[in-house]
Each structure stands twice: as structure tokens, then as C-alpha cells.
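Presented sequentially are two complexes of chain A, the first with chain B as partner and the second with chain C.
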Partner chain A sequence: MNRVGGKTVAVMALAVGLAGVLTLSGTRMAASQGTVLTAAKTDRVVPVTEPWSSFWNRVPKVSIPLSAQQVTPPMGGHRWTLEARAVQDGERLYIELEWADPTPNRSVAAPQLFTDAAAIEFPSVAATSVPALCMGDPNATVNIWQWKAAWQADVHRGFQGGVRHRYPNADVDGYPFHEDPAFSPGRYVDNPFSATDRTSPVDNLVAGGFGTLTADPAPVVQGWGAWRDGTWRVVFSRPLAVGREGNVELGPDDWTDVAFAVWDGAADERDGMKSVSSFVALDVSPKPMPWGPGFPYWPAPFFVFLALWAGFAWMVIGHLPGKGRT
Partner chain B sequence: MIAREREPELQPAVEGSATVAWTPLAAVLTLLPVAALAELFLVRTFYRVGIYIPKEGPFRTIYRTLTGIGSFALNLSSVLALAALAMLVGRSWARGLRAAALALGAFTAVSLLLARAGPSEFGPTARAAFSLAVVVVAWPFVRGGAGWWHRVAVGGVAVSALLSSYAGLVGDAGRLVPAANGPGGAVGAQLVGEALVVATAFAFCTAWASSDGLRLRPLLVGLGPALALIVAWRANGAVTGILVLWTAGLRLYLPVWAYAGALWAFSSAAIGWLPRHGWRSAGLALLLVAGMALDSTYLQALALVALVLLTDGSALGGLPERPSQHGATIGSIAPRTGRLTDRADRRVGARA
Partner chain C sequence: MPDVFNWQLGRAMGYRFPAAYPKRQFAFVFNINRCLACQTCTMACKSTWTFSEGQEYMWWNNVETKPYGGYPQGWDVKTLALLEQANPGGQVWDARPAGRPGSIYGVFKGQTIFEAAQAKGGQEQALGYLPTDEEYRSPNIYEDTARGRRGEPGVYGMGTSLPEHTTWFFYLQRLCNHCSYPACLAACPRNAIYKRPEDGIVLIDQARCRGYRKCVEQCPYKKPMYRATTRVSEKCIGCYPRVEGTDPLTEGIPMETRCMAVCPGKIRMQGLVEIDPRTGDWKPDPENPLYYLVKESKVALPLYPQFGTQPNGYYIPPRWVPREYLEQMFGPGVEHAIEQYLAPPRELLAVLQLFRATQRIIFKFEIRKGPKVRDVVIGGRKWSMYNDTVIGYDSAGNEVANLSVVEPMYVRPRKYLNSI
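Moving on to the complex of A and B:
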């Protein structure tokens, strides 16, 4: 038989009462410590179309693990690491993504070709710990910005999807109905990959669950990517607030969840075949980004801190019960 | 072989007494896994899955009621976790184990501070305090005289917690002192930590079999959660994958059968230890709720309490007796043969 003393009852009553107060007041005793991508404020001109500018080298980066998308068909992707940087100038948010990719894939001009791409996902209503699963859900839509290398090639050099670009040495006598849209089925059904008048390499999308991905026709998101020595860098840029349904609205001191995805065209990745991250927090901070010389000797103090911690831990465990005393 | 590695009984036994008092610490440690598991199922699982179910008619009321209970369970669990740590601090201080008391107390204090001040300034402090407490709790046990597999398992948990904390510290460092080339290795630490967690589950199962004898019933019951994971994965990999990520913090980058096997081993150990080493079962339950990410002070507190329970409180002067299993811990239980049988369970039941 077990006996419950008055002290135990008092402690349990106190715990239950405190939990009740916390529940009723909407307060949590848990403090989140997840990965945070901070977009500090800068007064400088942000080089959106120069991802390899020295400007970006001085913006703090966060390493974000990607894993193969294995939750819904078609599955695929890699276990890569993405580096993310973010700044804001009070009006626009800029996010730069960097990842290793040995071969750039910039064409979708043939059925067997797939483009390199990268995407950023926000909950449409800026918040943390939102219950959005992958492509959001009907009660919590998501806003996705997707940059495609093939679309950038279209913007940069004109439409690259025609026969003439894919097979430059091909010769035809002529198409009698060249201007008839019925003979260009992609354009006829408004397939976005067949568009010939692209102005941005970034697609602005809204989704409320799998199979609901819809393009917002307003070109509010800008971006540019550049591949160098086996690494892609892509910059996304958008006004903090755009006032369009389904688009995330951000203020100069907002926190929101954000997730990332990368497609490798060389591995035939498209659609759900991609490398994805889980949600991390984006802090749109009003604090100015520290400029000047920066802090290039970071590893030294960090590892000094770790060494001090280890030394302290060693000292503490020296005072712990030893073998045989447990 | 298994019987030879059997370890000594670490929990105190009271002979000749028919009545055992519930101490406040024993009550808190008993209720904590219940509240934590309720939070895991009702907030992190049901709340998120329920979003996909049309909330009409009676389901609306059921959904609201259960998620309300889940919210309360989360708060109760967070209060109990900190209360348990505070009591453990007092207990170890009273027993002269000042270093352990200070390490655990530092983390408890920083957790309370963080709940008030937010993570931006004190995040690294909490991680450093948590890491120190992990070392302090695990070290005496890992180098102590317990069974080899048990020490390996506890060591694995401690190392994966330290790797997770290292990844968090890297993120904190870049945020607090912005610099272009901050410290790295965060992703590698997370990946190694996750692989270690999977391997550690098998070590716990072996530790249970070594200490209490291999029995069929826990192995069969343990199959349930593993099969549920596989069935859920086959039925709806999208929801299952994300739920595993958000409940246990695992990214599932290894083949899913590896996780299913680990869950089977983990569950078997948790069920198998229940009759004789109930605190260890509670520790495994808390470890499951704490998960791998450890990205909040609440999860860190759960992980610390779990480690204390899994190490039989060896760094803190032992654990209070579990009143509910008093009968099972009176005197000494005859060594078991380690045969694959359920008779051992029945014998313990008869003693209780």
C-alpha cells in the first residue's frame, strides 16, 4: 500500500495549479532555441543580381541541413547543406542561398532536361510553430518563392526553349502555321515553362496542401543566381509587405518560420524530387548589420569557449562520485 | 552471457515495510512521463493531424477538448520537469554532491530566466549549462560499475545530446556575433547525432536484456510501435515523416526500416524495464518526448531528467523508491536465467 503525504499533495497541487494558470494565460515556460536566420538591417545597396559580390561574403550565414524528400511521391533529393544569409533595408527582404552543385543545369528545352532550382517557403501568415506540413494545408497556406536556372537563362538570353536553341544545326523548310497557338500546345495551355516573355526567374507561388500549388501572377519576387566553381548562389528579393492574399507580410521586427528546398537538374530532380529542410526561424531584425572589418577570426574564440567549457566540465566531473561509489 | 552481465540493483529496497510514502520527487517523476506523453500525443501529433480532418459536429468538440487537454499537459509537463530538476538539485546538495547540484541548478535557473527573457541573449548560456549538466549526470554512470551495454547506451544519449547542443551553439554564435565565416560543423553534428540515437536504441535493448533477462512479452509488445510506424509510413509518408520530425526531431535520412528497428528495440527496453526498473522506463519515455533536436529549454529539461532516471541517479545520490513497484523491489529478486520466457514476468507479478 502506498501512502501520499501532505507535502506531496501540496507540491502536486501547486504544479497543477501553475500549469492551469499558464494554460489560461497562454504563457509557456519553454523557450525556443531553434536555428535562427537573422535579417539585420543594412543601409547599403544590396547587390541582388550579384550573388558573388563581396557584400554577401560579409553577411552572417546559417548552415541548414537538407535531406531527400521522402514523404510524398515523387520522392528524391540529396543530403546536402545549404548556407543561407539574409538582410533587409527597411523596405525589402533579401535572402541569399548557397549550395554545392558540381554541374549547372540551365535548360528545360528537351523532355529529358531538368533545371537546377531553389525555393523558400513561408507560412502565408507570418508566424512561428505553424502547423503547416510541406505544402501547407487549407487552414494554413504557404507562400513559396522558387528560382529556376532555366528561367533565368530565358530572362538573360531570351527564351531558350525553342528548337533553334536546343538543336542549333537543325534545318526545317518552314512551319506553315508558325504563329498559330494551336501548334504550340505548351503555350496554348499556359504552361509556365513555355512562356516566352519572362521577366523574373523567380516564381511566386501559393499552396494550401499537396496538389494545390498556384502561381501568383504578380511578379513581386525578384532574384538572380550565379554558378561558380561548383557552387550556386541565388539571391531572392521582395518588398517586406506586398498586400496580396497568400503572400507573406513581414514587418521590420517580425519572426516567422521559413523552409528551403533545392533541385538538382543533373539528377533529374523536379516536382517533389528535391532536397528539403525543416522549418527554421527568420528574424527580420531592426538592428543594424555590423559592418566594418567584420570578425574574421571566429573559429578561435569559439573554440576557446568550447575549450573553457570542456575544462570547466573536467573540473566539475572531478568532484563527482567516482567508480564504485555510484 | 547475458546473465553474467547482470548489474547490481541500484534502487533502494525497503524490507519489512508494507507502506511506502510517495515523496514529492517520486510523485513528480511518476507524473512527468504521463504529462509529457500526453503532450506528445495531443499537441505535437493529434493537433497537427487533426488539422486535416474536417472539424464538424461532435469532432469539433472532441478536437477542441483534446487539444485543450494537450495544451494543459504541455504546461504541466514543463512545470514538472523544472520542479523535478529543482528537487534533484536540493537532493544532491543535501547529500554533499555540490558539483552535480550546481550544474543542474545552473541549467534550471537559466531555463527559468530564458522563459522570462527570451532566447536571443541567453540561448548559448542555456546550451552551455545543459551540456555541462549532461556531462555531470552521465559521467559517473558511464565510468561506473553498471552493465557495459547500459553504460554504452547512456554514453550514446549523452554524446548525441552534446552533438545536438554543438549544432545549436554554432547557430547561436553566428547570431550573437554576426560574422561572415562563423564556426561550422552544425549539420555534420546533427547527422552523426541522429545515427547515434538510432544505434543507442539497440544498446538500450541489449542493456535491458542483460540486466533483467530477455523476455518475450516486451519484445512482442515493442513490435507494436515499430509496426505502427511502418504502416503509417506506407499509408501516408507525408504526414508521418513530418510528424516524426516534429515529435522526435529526427530527419529520417536513414532508411525507414532502421528507425522502425530502433523503435522496436527502444520500446522493448522501455516495457521490459518496467517491472524491476520503472524509473528507467520513465527515462526512456521522457527521452522519446525530448527528441533529438533539443531546441527548447523544455525539451532540454526533459532530456536531463531522462538521463537522471536512466543513470539511476548515480550522479545525484540515487533515486527515490517507486511506491507503485515497492513490492517488486522488496529484498532481492532471484537472478533470472535470461531465457526467452514470460514466466519471469509472472514471478515478479506474484511478488508484487
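Moving on to the complex of A and C:
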């Protein structure tokens, strides 16, 4: 009994000690387990609209496991992996996501067409109570940045909604009252989905439980995606602080939880039909970014030097006495 | 999943939300026997609600030729096949009266679209599929195409003797059924679809919708439709300003929808029925023509009641069509409904005159008895016809229809035959 009692006391003491250390250090269990995505400081200009720029290859990446959303209908998605990179420049936070997708789906111009999309979710208030992963809860809302390939097509090429975007040879006599917004009710009631003048492919959303997702009309989150050889890369960018209700506020030395989701348009994925990650830690770090291997530039000056030296040596040898022309 | 009582199935069933019923319910009766597929209803709806960009393919009201036609193509057989796949051989009715009030067609023993989705693991609220734009693009495909092959006995040219033609087709008139347990409403993860407490009309909140198309996928009647120019879904709104009496044209008195009011074939009657707040069933109201047709005479039957949404569109089945097909479409009440229609009781014959007699919604009718006109034999039985008069009243109690069974006729004297 004494031994058992001693063990129990020891375990409890350890637990209390650990809790004390975690509390003093500000470490939160939910965020401290496993993966940490570090957004180190950079002084360079971050290429937001060039997800395939060599800049991003040099930012250290972490793998984030995704699984099917199985909490609430409609369910969907599958088990696979996403890669994430992050940097900050003291003003803005930049997160790049990279995932494999054999087909880019950029159109929502027909009933059966769904867009590829990706989202980043933060607790609205960083480093306090961790909200429910799925859409948060009423007392702890979440801030979601959702990029859509279809929205990007609108920004890039103009609104892609008309029948001629789907059927270029379609012929229509005319549309009565075409200028009257009442006949496009989604637009008439300012549904952000119906907007034709989108300036960012990223929607900024706040949710406090299932079915409460609400768009913040201010386009504070910018971003751009590019698909190449079976892979999407998407960059999200937002000022660290925006001072808007429900939006995550970050400092240049801060950290929070972050979760990710990806939708595959080719598999009709939308809404809850998606692959999701758990919360992982995002460390907004003031330390300078440790530049990864990137492109190996260092041999170039070496070879130039070698070539010059060899040339010089050849000239010297060619002019040595006794080696003259016969 | 809460249990709700579906009186069309004669039993309780699982549904996403607990029972909550409107005060009155939008409902309609279509007499398939009279329809000639002129599509006046279709064009009235189109020219009122869906003439804008992005709505080119939308026909909130459509008329299709059965058995092959469908808008979107194959909408009903695809859902029937999904249900059969989910519950092989089990989609059957016990047509014996169940003995409890409300179960007028017997008891459905199979799975509804909600129950089949639960049985599959509950990943969705209801079993369904998403049509492609190709499936919507020929709304009147197989128009007038009959079942049966040319040149074979009992088929084209020879298959038209009653009681069941072996060569047959019929027109099915469709719009949103404003169901009592709407699958679109259950399917919406945004809770953007709602059923109005005042009249049971089902609407999509255009501000909340995020274009997920779960309603398009899970409505078995395929009446919510996606609009690519607003990136959200739209559906039949039951011409609610008319039904409310707020459209200036109505002068404050509830009026039938556009598609109902224009019908030249006089096949349509639409109205509002009172709902019992406890059971969700129709309150006994034998003076309401819809109540009389659906609950008393039972001449009009719900469309695919086995889907489980308790649709509020009712049909007088076409009398020449093989019963097996009709029972798949309208449930076990088909035989009785056709008997009623072939030799209508005195009251039914009078109420049938009210179809399209006025644009106003008829809340109450009254029959003034008239003399016997003739005796005939129908199906081996004597049937007597009476020249009764039926009077319809609107919501304010104004007389808005007054018709006799025998249409008044004037024969011009012989000496004026060629005069103008």
C-alpha cells in the first residue's frame, strides 16, 4: 500500500509540476503536441502571387496529415498529407499550402461543377480556450481563410458565371430587366457568393458552430494559387493584426493554433465534404528565417573562378620559355 | 434522428428535425386525365420568375411525358433505383388500412430517402444524386413517346382499350411540392432553407445559401436548382406574394400561383389547407375542396409518397395507364382513385367543376342540388348524373365561382344559322 501510495503521489507531483511548467511557459497542450509550423521573420519581399517562386522552395516545410471529415453530414474527404510553409515580415503573415491534385477544378458554372479549395482555420482569439475544430462553437469562434480556384478565376479573368462561360456558342435573345438587380436575388441581398467584383480569391470567414459560417465582407486576406504538374500551391497573406471582430490577431512574436482543410472539386467536395487536419501550432517567430537548401547558387562563382584560373594557367604555361612555337 | 409522423406512409419516420408544422399548408391537386401538355403553366412560370441570366435551364414548373420523359432526365427512376439498391425487394406497402387515423393508404414498409441515408451510415441526410447540366437541357425529352413498340400485337395502334392501355403515355405536371418534411431543407448544412409557418411554402434564403447544392442533390423531385450567375440555388417560391394576397393584383385576397391560374385545360386547383399543430395532419375541413379531394374522396394521390417527404402536390391518376406503374408513382390508393374518377359520386363531380373557375384561392365550397340529368352504365354499374351547382368562396367569404355540372347551352334558332 505504501509503495502504491508513494507512486501515486509521485505521479501527481509530476503532473502538477508539468502543469506548472506549461502554465508558466504559456504552453498550451492542444498546440504543443506534434507539429509546429514556424513563421520565421524575413526581410525579403514575399512573392504572394508566385506560389512556385524559388523563394518558397527555401522556406522550411512541414507535413500536415489530413483525414476525412466524419463529424457531421455531409461527410467526405480522405486520409492524406498536405505541406505547409509560413513566413512573416513583421507586418504580414504568409502561409503557403501545397497538395497533390491531378486535376485543377476552377469552374462552378454548372450544377455538377465544384471548385478546388483550401482553408486555414484559427481560433478567433489566439492562445485562450481552443474552440471546437469543426467550425468552432458559440463561445469560441474561429476565423477561416478560404481560397477557391473558382474565385481566383473570377479575379483573374472577370466573373465566370454566364451561360457562355460554359457554352461559348450559346445563343440567347435577351434578358428582360437585365439591369434590375432584383432578378438576381443572391446579388440583391448582398450574398458574397454572388459578387461579380471580387478582388481576392480568399474569403475571410467567422464561425461559431455548424451552419454559422459568416463572411466578413472586407477582403483583408489576399492570396493566390497556381497548379503545376498535379500539384496546387496556394499562398495566403494577411496583416498580422486587422482589428476586426472575430478575426485572429497576431503579433510579430506570437503563436496560435491553426488547422487546414482541402476540397477536391473533381470529387464533388464542398462544405463538410473535405479533408481536414487537427489543430497544429503556428509559431509566429521574430527569429530570422533559416534559409533552406534552396537552389545551389554557391558552385556558380566557384566554377567562374576555376575557369578564370584555368585560363590564366593556360596562358602562363603557353608563354613559358622553351615551350615556344617551333 | 427525431421521429415524425408521415400520414401518407401511415407511420412515423426519421427526419433531421423534430416535428414543427405550419398553420396552413400550400397544396394542389392536378387532374392528369385532362392535361394536354400545352405548357402554358410552364411558360407562365418562366416568364414570371426564371427569365434572367443563369436561369436559362430552369423550369420551376414543367410538364413531362411519362414513362420516358423527365426533367431532369430520369429524376424519378434514378432515385427509385437508389432506394431499391439500398433496400433490395423491401420497398413495399402494406395496403391494408392500419386502423390509425391518418393512414389512408395503408403503411409503407420500405425505407424513405432519409431512412436509407441513415442505414448507409448517415454521411448524408437523404439519399440522392446530383444531376448534371446535360440532364437538364432537354426538359421535354420523349414528348408524346408511348410505351410499346410499333407493329406488335397489343402495342402501337392496337393497345388502346380500357381499362389499361398497353400502349400508353401520360403527362406529368410538376413543380415544387412544398413538402411537409422537405429533403432540401434537411440536406442544407447552412440551414438556409426554411418552411414558412403561415403557409408551409419552402424557400431558400438567398442571403445564407453558399451554393453547396446539397438541396439539389437530395430533393428527390429535383426542384431546387443551381444558378451559376449568383452561385447559389433557387427554387419555386409558390408565387408567395399571390398566395399571401400581397401582390397588388390580388387586392388583398389570396390568389392561386401563376402556373395554376393560367391552365387552359382546367386541370389545376391550388389552395391552403389547415394543419393540426399536434399531428401535422390536415384538420378536418370537408368544405375545403382540396381536403375533400384528398382526404374524403381520395381521388387525388401524392407523388411518390414512398420518398418520405410528404409532398403536398396531389394527382388524379390517368385512368388508362397500367396500375402497376401508377402504384409505383402514387402508392396503393390508385385503384380507389380511378374508381372514384370513372364514376364520380355526386359531390365529387360538382367539386371537379371548380378547377380553374377563378384565380382566387377557394377556401370553401357549397353544393346546391339539382335534378337528375341521366342514368348511364359505367363498368357494368348504373351511374346517375345530377345537374348540381357548386359555389366557391374566397378567404373573405366572397362568392368567386358558381358553376353547374351541365354547362349552360343555347341553341341558336334555325333561321339564324348563317347570320353573324
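To be clear about the criterion, the second predicted complex is superposed on the first by the 249 of 326 C-alpha atoms of A that agree within 3 Å, B and C clash if a C-alpha of one lies under 4 Å from a C-alpha of the other, contacts with A are read in each partner's own complex, and residues count from 1 in each chain.
In the analysis below, contacts are C-beta pairs under 8 Å (C-beta built on N, C-alpha and C of every residue); 3 or more make two chains touch, one makes a residue touch a chain.
Note that the coordinates shown come from a computational prediction; the quantities given were computed from them, not determined experimentally.
Participant: Identify the partner contact of A:35: answer first if only chain B is touched, second if only chain C is, both if each is, neither if none is.
Facilitator: After superposition on chain A, A:35 lies in contact with chain B alone.
Participant: For A:218, using the defined touch cut-off, is the partner it touches chain B, chain C, both, or neither? Pick first, second, both or neither.
Facilitator: Neither: A:218 stays clear of chain B and chain C.
Participant: In the overlay, work out which of chain B or chain C sits against more residues of chain A.
Facilitator: Touched residues of chain A are more numerous for B.
Participant: With the two complexes superposed on chain A, say which partner A:304 touches: chain B (first), chain C (second), both, or neither.
Facilitator: A:304 contacts neither chain B nor chain C.
Participant: Quick one: is A:317 in contact with chain B, with chain C, with both, or with neither? Answer first, second, both or neither.
Facilitator: first
Participant: Considering only touches as defined above, state whether A:266 meets chain B (first), chain C (second), both or neither.
Facilitator: neither
Participant: Report, in rising order, the residues of chain A that make contact with chain B in one complex and with chain C in the other.
Facilitator: 72, 210
Participant: Tell me, which parts of chain A touch chain C in their complex?
Facilitator: These residues of chain A touch chain C: 72-76, 108-112, 161-163, 165-166, 170, 172, 175-178, 183-191, 193-194, 210-211, 213, 268, 270-272.
Participant: Please give the residue numbers of chain B that touch chain A in the complex, ascending.
Facilitator: Answer in residue numbers: 10, 18-24, 26-28, 31, 47-48, 51-52, 68, 71-72, 74-76, 78-80, 82-83, 97-100, 102-103, 111-112, 114-115, 118-119, 123, 126-128, 131-132, 135-136, 139-141, 143-146, 168-175, 177-184, 186-187, 190-191, 237-242, 245, 251-253, 256, 293, 295-300, 312, 314-315, 323-324, 326.
Participant: If we count contacts the way the header does, which residues on chain C are in touch with chain A in the complex?
Facilitator: Interface residues on chain C, with respect to chain A: 51-54, 56, 122-125, 130-133, 136, 187, 189-191, 206-214, 216, 225-232, 234.
Participant: Please output the residues of chain A touching chain B within their complex, sorted ascending.
Facilitator: 1-5, 7-8, 11-12, 15-16, 18-20, 22-23, 28-36, 38, 40, 57-65, 67-68, 70-72, 79, 81, 131, 133-134, 137, 139-140, 210, 278, 283, 289-290, 294-296, 298-299, 302-303, 306, 309, 312-313, 316-317, 319-326
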